[in-house]
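One chain, chain A, appears in both complexes that follow, with chain B as partner in the first and chain C in the second.
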Partner chain A sequence: MGVRIEGLWKLFGGHTAVRDVSVEIEDGEFFVLLGPSGCGKTTTLRMIAGLENLSAGRVFFDDEDVTFFEPRRRDIAMVFQDYGLYPHLSVVDNIMFPLKVAGVPKDERRRRAGEVAERLEISSLLKRKPPQISGGEKQRVALARALVRNPKVFLMDEPLSNLDAKLRVSMRTEIKRLVSDAGITTIYVTHDQIEAMALATRIAVMNQGEMVQVGNPLEIYDRPATRFVASFIGSPPMNMFDGRLNSAEELEVVPRFLGEAVSRARVRQFYEQAPSIGGVVVGVRPEHLRLGASVGASNAVVELVEPLGQSTNVYLRADATPFVAVTNRTTLQVGDRVDVQVDESNIHVMDKETGRNFAVSPDDGLGA
Partner chain B sequence: MLAPTFIVLTAVGIYPLGYSLWISFNDYHPSNPSFPQGFIWFENYLTAFLDGQARHALGLTAIFTVSSVGASLVIGFALALLFNQRLPGLAIARTLILIPMLVTPIAVGITWRIMFNPDLGVINYLLGLIGIPSQGWLASMNQSLLSVIVVDVWQWTPFMFLILFAGVRSLPRSPFESAAIDGASRAKIFFLVTLPMMRPVILLAVLLRAVDSVRTFDQIFMMTRGGPNQTTDLVSLYLQRVNFKFFDIGYGAALSWLFLILLMAAVIAFIRYSGFLRSAAEKEAR
Partner chain C sequence: MTTLPRPSLSLPGRRSAESPPWGYRARRSLKVMAVYGMVAVALVFFLFPYFWMVVSAFKSPGDVTAYPPVWLFEPTLDNFRELIESMGALSALRNSLIVVGLSTCLALIFGTMAAYALARFNIKGKETIALEILMVRMLPPIVSVIPLFLLARKFGLFDTYWILIAVYTLMGLPFVVWVMRVFVQEIPRSIEEAALVDGCTRLQVLFRISLPLMLPGLAATVVIIFMFAWNEYLFATMLTSSAAKTLPVVAANTVKPRGISWGLASAVGLLMSIPVVVLALLAQRYLVRGLTFGVVKG
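Right, the complex of A and B next:
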């Protein structure tokens, strides 16, 4: 089932938690709300669930207006950050709870709970109670409870954030598999950009109550609409430098090689978008920097090397400005002089005031 | 190091207990000319088993305790749930609600005796305003027990409320949200989630209240002295009469000991049956 939200607002006292958020989520989509804590993503999710009253706006499931429906009438399932299990009930009773309140006969309840427990490999835990099982197991029980009744929409509120790093990755894969098997529309809230990239068919990046950009993971990564999105997505984060569009044909930025890499035509293109603005932020992703052996002309010095196995983080300094590059395995050593190069298509130039990325056309992704 | 504690405990606890046990095996009747009368083995206890008055008092005490605790549990729980909502003015009301608990039971007894007065009392006056004829209340054999129960409920519901409110407030939020999303109605959430999650707190509150209620004396003494016609003659009032009116202290001690044993048995049975003192470790092991 598709979910459409229109002009959603949430005010808490004088504070605006969610500001005019609209988006249309397709049937069967895995839609991720991504943003730092306090950006309004969880509040948005809770409004879709009906757990939070809206200050303004509408929520539609397909074409049905559910804005004023109680949560129990929305036919949704939700997985909470702290799992929300019933501590007094055994695992199997937890899983059967939605079926019990729906009046499903006892035999069928048992059968369906057994099936879903099998699928999630928690059959051996059925008689235990939530306080007696581990965090990862609780997570599975919560998922089982959500899956047991074939809801129209799945809502997940940071379901992996209480798990340790290794378990988080394996549960992530599992969630993706389970949800795509079930083919149920899913809205998933997280502050972890890697989790978002790995899971989503589409990501909505939120900041300070607003939905900043909506797009598929690579779109968001390659063409961040604003400075905020550019800095939030990617690890290590995008290198950012203050710069200036001095005249119609010159991008002035330190380190200088960045400005030199951008052609006059492209600078003019940026300049035309914002002729009145001098100050810009110039960004380039660490993996877009190519490090060549210094053949005479060198523009940077290696300050630190972090070999991570799969890749290597190289911390450099050029024109007295530090930045980071990601390369394959390298023999570079601290103190080596290198020649750093970058394609102009990989350089993002963003308005210093509004944060808008000039390299991305204004209608890209925004507003979905 | 433990000597001072031990001395104090002995002086105020163990010695009096032991002495009362000793007295319960004696014919100890200070107002008799032949006092002291001496050791009579189990005669007091045998008398107790044949004492219809004592059985009557025990029955009344059971009715009194069960009704009073039951009613204050229901009202206290309802108030706790009400006060858990975010409504304006509740903070002040919450404080006001605690007042009855803070009043001395003697004062409570006197106040309610006046309020219950069939001719002058405010209760009959108010009932009269809505057309209900005057009732006898404490003076009526049919209504006296009900009346003293009402007073006990009035005084101790705040205590129930306080414990249950603390319990309700400490419940985690997400199971309730889960239940709402899982499709449960308000009634189902109450019976399937709230009530079971509150179980340990409810059991504790009931136990504390019941033990307290069983020993109620002052208010009822002030209101009825056990009357009329012994319709409010609870065990505590009967004991008072045996000991300090008839001065049959040996027999009174025997009755007290029997009552104590009964009460302890009831408490142990309650704890066993409800299992609420079962430790987390034991649960883990199962």
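Right, the complex of A and C next:
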């Protein structure tokens, strides 16, 4: 089932938690709300669930206006950050609880709970109570309880954040598999950009209550609409430098090789978008920097090398400005001089004031 | 678990032993015995008066006041006979059970619902409401007993169950509200929200999810407000005369003009203590806290 939200606002006292958020989520989509803590993503999810009253706006499931429906009438299932298991009920009773409330006959309840438990490999835990099982197992039980009812929409509020790093990655794959098998529309909240990239069919990046950009993971990665999105997504984060568009055909930035990499035509293109703007922020992703052998007057010096196995982080300095590049395995040593190259298509030029990325056309991904 | 050889310590004067050092076990059991010993002393200290009351209840007037106290005597039921036949103890016991039982139930039902609302919902000025409820409790009973007496006469409630039930419910409510509010607050919201999403109404959430989690609190509260009402004397004596007379009033009547009748006082004391002891034993298994403990962590 598709979910559409229109002009969602949430005010807590004088504080605006969610500001005019609208988005249309298609049937079967895995939609991720991504942003730093306090950006309003969880509040948005809770308003879709009906657990939070709206200050303004509308929520539609398909074409039905559910804005004022109680949570129980929305036919949704939700997985909470702390799992929200019923501690006084056994695992199997937890899983059967939604069916019991819905008045499903006992035999049917047992059969369906058994099936789901089988699928999540928790059949051996059914008789235990939540305080007696581990965090990862609780997570599975919470998922089983959500899956058992075949809801119209799945809502997940940072379901993996209480797990340790290794378990988080394996549960992530499992969630993706389970949800795509079930083919149920899913809205997933997280602050972890890697989780978002790995799971989503589409990501909405939120910041300070606003939805900054909506798009598929690679779109967001390659064409961040604002400086915030550019810096929030990617690890190590995008290198950012202060610069100026000081005449129609020159991008002035330190380190200088960046400015030199951008053609006059492209600078003019940026300049035309915002002739009044002097200050810009120039961004380039670490993996878009190519380190070549030193030829004569090399432009950078290696300051630190972090070999991570599959890739290497190389910390460099050019024109007294530090930045980081990601390369394959390398024999570079601290103190080596290297030649840094970059394609002009990989250079992002953003308005220093508004953060808008001139390299991405303003309609890209916004208000999808 | 560890089959690895332990690194041998070669410190002077120390043997690398595979089992704990000798004497460790003995010291440990000595410690346990000491704890049991102290518990026994405390029990004797606290239970002896009760024991003495039970014994005295079966003594004849001569044995009760004998000095030095007699340990061996011929037990008699005379005290109980007199309580029942001439002091109306049985009907007072029935009155007490009805009045206190009902008022405890009412206070528990209304108090828990109020506590739930005060803990969970955004009610304007709910802190003030909670404080106002508490103030009922702070009022010295003697202040309200005269107006209540007049009201009871006016509305024909004097010497009926209803006036005592109303008063005791009102006395128990603040306690229930304040204690249960804390217990409600301790239940993680996500548990209730999960139930809401799973298809429950608010009331279903309360009865199916929250109440079972609050059982330890409910058990403790029941015992305490039952005891308060059970022992209450001032209102009982002022607002009843004969038909609705409760046990504390009978107990007070064992103080006679010529002195205290110790045998009777002990007998009525024994009678009064039985329901409370039974209730406490019933509630005991719920009094173990920690049902909600460890819900979130893991």
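One rule holds for everything that comes next: the second predicted complex is superposed on the first by the 368 of 368 C-alpha atoms of A that agree within 3 Å, B and C clash if a C-alpha of one lies under 4 Å from a C-alpha of the other, contacts with A are read in each partner's own complex, and residues count from 1 in each chain.
Heads up, the rule we're going with is that a contact is a pair of C-beta atoms (placed from the backbone, for glycine too) under 8 Å apart; a residue touches a chain by one contact, two chains touch by 3 or more.
Since this is a predicted model, take the numbers as computed values, not measurements.
Undergrad: For the overlay on chain A, clash or fit between chain B and chain C?
TA: With chain A aligned, chain B runs into chain C, so clash.
Undergrad: Classify the contacts of A:Gly135 with the two partner chains as first (chain B alone), second (chain C alone), both, or neither.
TA: After superposition on chain A, A:Gly135 lies in contact with chain C alone.
Undergrad: So, does A:Arg145 touch the first partner chain B, the second partner chain C, both, or neither?
TA: both
Undergrad: Is A:Met238 touching the first partner chain B, the second partner chain C, both, or neither of them?
TA: A:Met238 contacts neither chain B nor chain C.
Undergrad: Which of the two partners, first being chain B and second being chain C, lies in contact with A:Leu85: first, second, both, or neither?
TA: After superposition on chain A, A:Leu85 lies in contact with both partners, chain B and chain C.
Undergrad: Check whether A:Val281 is in contact with chain B, with chain C, with both or with neither, and answer first, second, both or neither.
TA: A:Val281 contacts neither chain B nor chain C.
Undergrad: Common interface residues of chain A with chain B and chain C?
TA: 49-51, 70-72, 76-78, 80, 82-88, 97-98, 101-102, 131, 145, 149, 155
Undergrad: Going by the contact rule set out above, which residues of chain C touch chain A in the complex?
TA: Residues in contact with chain A: 188, 190-191, 193-201, 204, 209, 212-213, 291-296, 298.
Undergrad: Which of the residues in chain A end up touching chain B in this complex?
TA: Touch residues, chain A against chain B: 49-51, 70-72, 74-78, 80, 82-89, 97-98, 100-102, 129, 131-132, 145, 149, 155.
Undergrad: Chain C touches which residues of chain A in the complex?
TA: Touch list, chain A to chain C: 49-51, 70-72, 76-78, 80-88, 97-98, 101-102, 130-131, 133-135, 138, 145, 149, 155, 162.
Undergrad: Write out the stretch or stretches of chain B touching chain A in their complex.
TA: 172, 174-175, 177-185, 188, 192-193, 196-197, 199, 280, 283-284
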